[in-house]
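Letters A, B, C and D mark the chains as written, and numbering starts fresh at 1 in each.
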């Protein structure tokens, strides 16, 4: 086991992009991203009948090579997870691996290879399994920082968005029930039941408006017109929530940067190290150069404008 | 009456979720929410003809049991309302009950059971009454805090939203009248009158766009194109109003929390009681832990900065 | 002329809602608003053929009485405008009347009565003139404060909205030209020329999407898909502009109120007169009680926290 | 070469709108803008078959004259670019011209004349080249300041918008793959492959909703309803991002103006020169008069508050 440990650590460091291997790690990341995108394109094109027949060997080759690489990646990640920095405190290797096994990212990795392995050993419904391989696209989550930031915004507005969703459900059910009452007798094939009427209600409230199901009676059109007006409110709620949430996030990042500047300036000067750290933070928070400079200048100028003591009159 | 009073108070406390019975009150709430949701699902499914025939006894059972429980709930609430904390100042019990009878929540509760009782005693239009039972969904308002917050935002922007609605009405009438003039002769069945043309105007201005009624003359398409461009403005107004209102609410909550922190810090320290109270407030205002901590830290640091002179040591 | 002047002044004051006649002025306003709305409803319903035949005498009566009243109102306003407070500086009455004649509100008033007078004396196209009477709805502008505020927001964002409109025009022309190239040969009846293709481009870019004209070739669908994605941006620009503008207006009103409070507090106290004036301002700016109180409290507290001189140590 | 230099400098100054020739420069700009717009209208109308036949000589004349003028403009710009203020540091004229040749604006200018020159000398596909001349519309970019500001906002939100685009792509692919599985067997002509299903997914997720392709099975409608709900989120993300970005830009411009005012006031007074410069800045930043005055007043009042002690009269 002693001779193996260094190799395992090296691989773990490559996967984590840790210092001595950060370049190899980056190259590996780019290779895997390209492979995932190639897979998505291949699966999408494979569903076209003519392409499927003509290039079936190509598709099969891509699939087999990809699954081989993804399986290798999965097994290596499972093997190396013991050396991950965040897992250092745990006790036995088996426990750590079990813990890693159930993380979302590991489950996604498993999901990406499972359908093909199942297809090889069992005779299951091919088309469904073939298409489910598309979930491989979620493997990209590991690499997209901006997406994680966006998802965070969603998470923060979770309760408000849920409330919006609840209101929309109530409005949708009432709209479906109203149109069902008004149009049921005239168009029994389209508004035959409330669940059927819900299709119209959803398509209208989200302003998609296919037009495959449309009220035709005067009462139905009057009620439908009311629902179209409500649809604007339905669309406005999530948009308004996200707009206000995005603006809030931007403000928070700016404040976080200002606080870091304030902290660096406690001794009155910005050392080179501190400047580097602030630059690092600026990139991470996605602030522009101009904004960062303004924050630094603003806080520096504030320090000069300090207050004086009313008892001894000295500068504080 | 003496022996009865304690029971009435106990039930009132359970309904209100007051201290000694808060757990029973919560369990009762969850039970009632589930019952309401079960009812909504049952009424929606009942409208499907095949399910209605196959499971009619099930639907009837659910309906009768639900109405029995809702009636009991309604009567108990009416009986106990005398002991509600907010009603303590009023005089006679009859007056209190009459007052409670006309509150929105009590009227919703009544509306939830009335259709079934009417159906039992009179031979009315069955389908309409059956569907109107769906209004039971409004009983959920009592339990959804987030929804109440959203509705508050709507209420605050009431006058602006009304103005937006008024502008939209004017634009809608003018759009309907324009398209009526341009398309009336070519499509007399679809644009035969201004009220008929209003259907097109509404569907277009809300960007739903079913496509069941569409201008076909060159002039009609030119005018229609202009209306589609206006539709973007129509959608933008309520969205913009809500977005700015949501952002404003968020700011207000943050300020309310900061004020509470400032108040707690008047004596210079945060006692355990005050911390608990702030935590309570934080949850109520929907602020994140990070944000609350920052507010506390910010205000604490401000006080420390201002309080003592570093030269003479006196308090400023 | 001397005996006539008081009457003219009285009528001018009634129209303006000036002090001694403010109640009569308000009643007159409400009467005129109801009359305008009645007219709009009547004109809309008159366009329905069956109603037109059945109630033609009613419609005629409403029309004649309304035009008589509107004409009287118009002539009185024209006669009295000489006494309007804002016109006090001008010289001759004829000049003042000419000046008033060309104000937007006076032109709207004229436009509201002209079609009917023309119809009475000339044999013009009846339907067009009948519908153009709907422009009477603009007479409501005089009475809607909230609408004026919304229009102001539009005016402030004028240049940005124009730029958005310009961008949309460019995108629209390019989309039309692209789809024309791709679909012209397959659907010559629908994409026969760029102006025809513009109908599709507009309907798509505003996300209305009627579906009466849809690309059917693979290339057309690919390009169409790109245009649908661009449509989200097209919708987002005006919405974002208005959202940010509304938020800005809200901030400005709050600041205007704070400034007024600051001004009232220069002498250190809020007199009863000042309180009344602030309450007046609060209503006008559409701020809530809570917000106004907070502004007053905030500014009062700030005064107490003043700075001390570093030379003599006295409070400034 | 000596006698030629002044002329070249004069032309360069006219193109740049530099001081002694700013009026001629403005007139030239307006002339070129009108010519570009005339070209766009002509190309659009030329695509209408009847107009093309009837006025072919007119269209040809407009085209030839325009291309002659645009070619002259292009060559002059290329010739004069040597004297542009921003190019003063470079060495040889050829190098400067090569550098200018590859700027976006120069490439657009070239693109505007190239199709016609190609058509004259080679027998290429006429319709495609005729339509591609529409790219001439991009020549307007040079003249639209507001558009440049809007594009800047897009650029600043680049990474967030890209993340939103990435999320939308993932959702779109999964939606297409889901509907393909559910509707493939029932509507093989419309959902025959995933690329075909993508058309439905895009049209739905952008809330365009043509209705030419619609799910008809119960499962497909259930899944489709879910996708319509997701579409609201898809529309909300870019709108929210732009709304928050626009609000941020507005704030930045206000702060930039305040900083300029602060800088002008360092000596305690606003000279006439400084006032002019601030007015210039105000127009450039698109701030209203009221807002600018408030900023000046606010900063002036702050300075006065801080400067002198009212007890000892000394400067603080």
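In this text, a residue touches a chain if its C-beta (ideal position, glycine included) is under 8 Å from a C-beta of that chain, and two chains touch if they have at least 3 such contacts.
Since this is a predicted model, take the numbers as computed values, not measurements.
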Partner chains that chain C and chain D have in common: A, B
Shared interface numbering between chain D and chain A [over half = same, under half = different]: different
Chain B onto chain C, rotation angle from CA fit, given as a multiple of 5 degrees: 90
Distance-maximising chain from chain D - centres being C-alpha averages: B
Chain A-chain B separation of Cα centroids, rounded to whole Å: 29
Chain B and chain D, separation of their C-alpha mean positions in angstrom: 42
Shared-contact residues (touching 2 or more other chains) in chain C: 198, 207-211, 235, 239-241, 243-244, 247, 307-312, 314
Touching residues on chain C, where the partner in the complex is chain D: 156, 159-160, 162-164, 166-167, 170, 173-174, 176-177, 180-181, 184, 192-195, 198, 204, 207-211, 214, 221, 224-225, 228-229, 231-233, 235-237, 239-241, 243-244, 247-248, 252, 255, 307, 309-312, 314, 316
Of chain A, residues touching chain C in the complex: 207-211, 239-240, 243, 307-315
Chain D - residues contacting chain C, complex: 40, 43-45, 47-49, 127-128, 131, 134-135, 137-138, 140, 144, 146-147, 149-150, 165, 168, 198-199, 202-203, 206-212, 234-235, 238-239, 241-247, 250, 286, 288, 291, 294, 306, 309-312, 314, 316
